[in-house]
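When the chains are written out, they are named A, B, C and D in that same order, and each has its own residue count from 1.
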């Protein structure tokens, strides 16, 4: 994936804390594993039944029966454990996963996300997205600020089907980081190579500035 | 007095005839005899090990079949292969996270038009599913993955249903019962059960106790509890007493038959894993 | 326990089949384990989390952390497995226990049982009785025909609180064996040292004779 | 940006303050600091092992406490003993199959008037429960054992409730919601959760992965999932990486603290077992 993706993943990873049990969605979120800050030990949960998934193995060390939820080969980290699907999702829904990092198609002004379906097509896949959204203690959206066509992904109202009623807690793009409260988005940080003007003109929803940002 | 005495009033879902042969409903509700388990009625507990062909014969036309696995990992590939050449295995409803991968595992049964309905959480990784669905040949029911697993567990645990937050406020909740419990909204979900579960485990003892291998565990232990007949395909069969009772994941009362795996995901199956995509 | 109890247990044990997973209630039902016919291998399920409970150990071999649901020491039979309480009762409710043998205070003319509470006293224990009654594939009642005071335990209607709506499948006393169908009790067998007259005069509910018994 | 950023909007039930100390609600809803877990915020994952006294201090006045065990077997006797000398441990609601045995385990806390409410399935084996209940000192709620276990599991699994056949048509169903599902009657049951779970396991690694010992497993794995704070009392503490990932019964995300057992049921505890009586 390109450097923008890695940049977003790095910005997400800053929010991880030692001991966090994290679940990374497919695609961009997966890159977060590569950017966990030095000295921060986190545990990767993968919903197909494992906590303690380790890094991608060398090709010759691939165990075809040891995969993550993206069906990519992983390894066993120290202290790993395996469990069944029902136990894995009990863990997710029960609030035992600290952080889920999810990719999105869109996110609305209240932080609600759409990441599983495209309107007008038969919907043939949902996987664990809805469970992770309702269950993870903290949900971080990792997304490019704009679609490939240059349209904002943060929108007044999602035109794609919602993944659930629960809003994300944090939205991280290559340009900005927003937190979410009951009233909507709060701009927490602007990326060093971006500007408030750029963020404003490419985020067509009202948002407030955080106290920290106001103080600058 | 024979067992017949306690069958009539019993809640038994599995019936055993006088000679110890287990009976399974066929398509028309008629009882068909499952492979003989010699020894069960002679007093000695015989091994539950049967041949792949005997196992495949347990799947009849119109059967609802739970099939373990996440993609192909933890999927009973030998049993699926055997269904390909079984005349009776047709018009199946599958309960499985996916429908295999394109042309592989359950994906192959789909291409052979043996599946008419699929209940699962993620079909996107197999484009054949979309094609057959648009052709009107395949009915699909999409369930969030956690709800799928929990519904199977509920089926095995004798529950009437459960409430989950997952899916509330989404298209998947349309027309479904939503209930507020202690200030939060939940969807009602009913249990799932099947006529037969084809699962994949690592080791079985001859009684049917099972252990699993890494992430090939996934839906298998849940499905082992939720079908009228459960067949486990395993890498290795060991004598009863060999598995540590603390390490058994699926206790033997759940398992009816054991078959030895002939097809496994070797490292040469690498290309299978190219089909990366969410669960 | 006295010889009548063992007699009842022996009569119950005749109904066990090879491979049965059985759960034995506290007291009289426990004795059934001693009378399983030669060559019939059954598996004892105990609801505190084990299948494959073996016989009582010698006193010097007692493991205080290996007990049955009656809190009595047991051993590990070949092929045993341990599991949590929720898994144990999932197994019970889900119909994976072939036979539950239950003691009763009373059983009514439809085979419904009362075995957990005494009216007029605060009810302070139910344990697994209700779960076993609804979940076991076959429920066998093992009971003396009369109470210690000489009153019939098979009654028109239970004066003690019911354990559930599900009727037993078989009622075994030292005098008789009844099966149960939708209409009520069917006398299947009279004990060798008893008579139809004794059974009739000590069973104050209507019952039919089985075809086999009629043929005698 | 600090963690504070994601706490406000999060659904976190456990809050961690800036210095990495976990916070627990006290009786008045005020936040009290749990023992420091040095290293958590310094980057290195420190062991979750704490002292028995630190663990006992997590139980505050009016806490709802899940306590593992079937009678005394699988009960965290060391932690219970420590609560005896804790001033703050009073007015407790216990969720436990029993209230220990007479004068033993939770039974001793009862005699010290530290328990004001007991939720469980079988109190008959401890006559002190009946006595305190008739005195009006102890409120009791009786739940069938399988429903108790399932409600605890549901609490840990984020479910809003479930339907069970158990108890339908009995006094325990009085005033409760009964629903017909596919022709059968079921009782609605809500999940159970606690402020803290005190459980008993066999081995823990320093991360908090747990294994159990024989029938001392019972309610412990279920309770490990269903409380805001989970403390496991264990026979042995081993380095992370020592337990086989296939054999871990309770994965570490469930466990907050580990203490070493000082009281175990030795064979000299034989007399404890005299109190035979149903579950």
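Going forward, contacts are C-beta pairs under 8 Å (C-beta built on N, C-alpha and C of every residue); 3 or more make two chains touch, one makes a residue touch a chain.
Keep in mind that this is a model prediction, so the values were computed, not measured.
Enquirer: Give the chain pair, either B-C or A-B, that is connected by more C-beta contacts.
Expert: Of A-B and B-C, more C-beta pairs in contact link A-B.
Enquirer: Between chain A and chain D, what distance separates the C-alpha centroids? Give it in angstrom.
Expert: The mean C-alpha positions of chain A and chain D differ by 32 Å.
Enquirer: Could you check chain B for residues that touch two or more other chains and list them?
Expert: 150, 153, 157-159, 164-165, 212-214, 245-246
Enquirer: Which positions in chain C touch two or more other chains at once?
Expert: 50, 76, 82-83, 89-90, 92-93, 134-135, 166
Enquirer: What's the contact topology between the chains, one of line, ring, star, complete, other?
Expert: other
Enquirer: Kindly provide every pair of chains that touch.
Expert: Every pair of chains in contact is listed here: A-B, A-D, B-C, B-D, C-D.
Enquirer: Which positions of chain A touch chain B when the two form their complex?
Expert: By the definition above, chain A touches chain B via 25-26, 46-50, 59, 62-73, 76, 82-86, 88-90, 92-93, 117, 122-131, 134-135, 161-166.
Enquirer: Residues of chain B touching chain D in their complex?
Expert: 150, 154, 157-165, 179, 181-182, 184, 186, 190, 211-214, 245-247
Enquirer: Going by the contact rule set out above, which residues of chain C touch chain B in the complex?
Expert: 14-15, 17-19, 21, 37-41, 43, 45, 50-52, 76, 78-83, 89-99, 111, 134-138, 140, 166-170, 177, 179-181, 188-189
Enquirer: Could you pull out which chain B residues touch chain A in their complex?
Expert: 70-71, 73-74, 97, 121-125, 129-130, 133-134, 140, 142-150, 152-153, 164-172, 185, 212-222, 249, 265-267, 269-270, 272-273, 275-279
Enquirer: Tell me, which parts of chain D touch chain A in their complex?
Expert: Answer in residue numbers: 1, 3, 5-6, 8-14, 16, 20, 39-45, 153, 155-159, 205, 207, 209, 225-226, 240-241, 243, 245-246, 248, 251-254.
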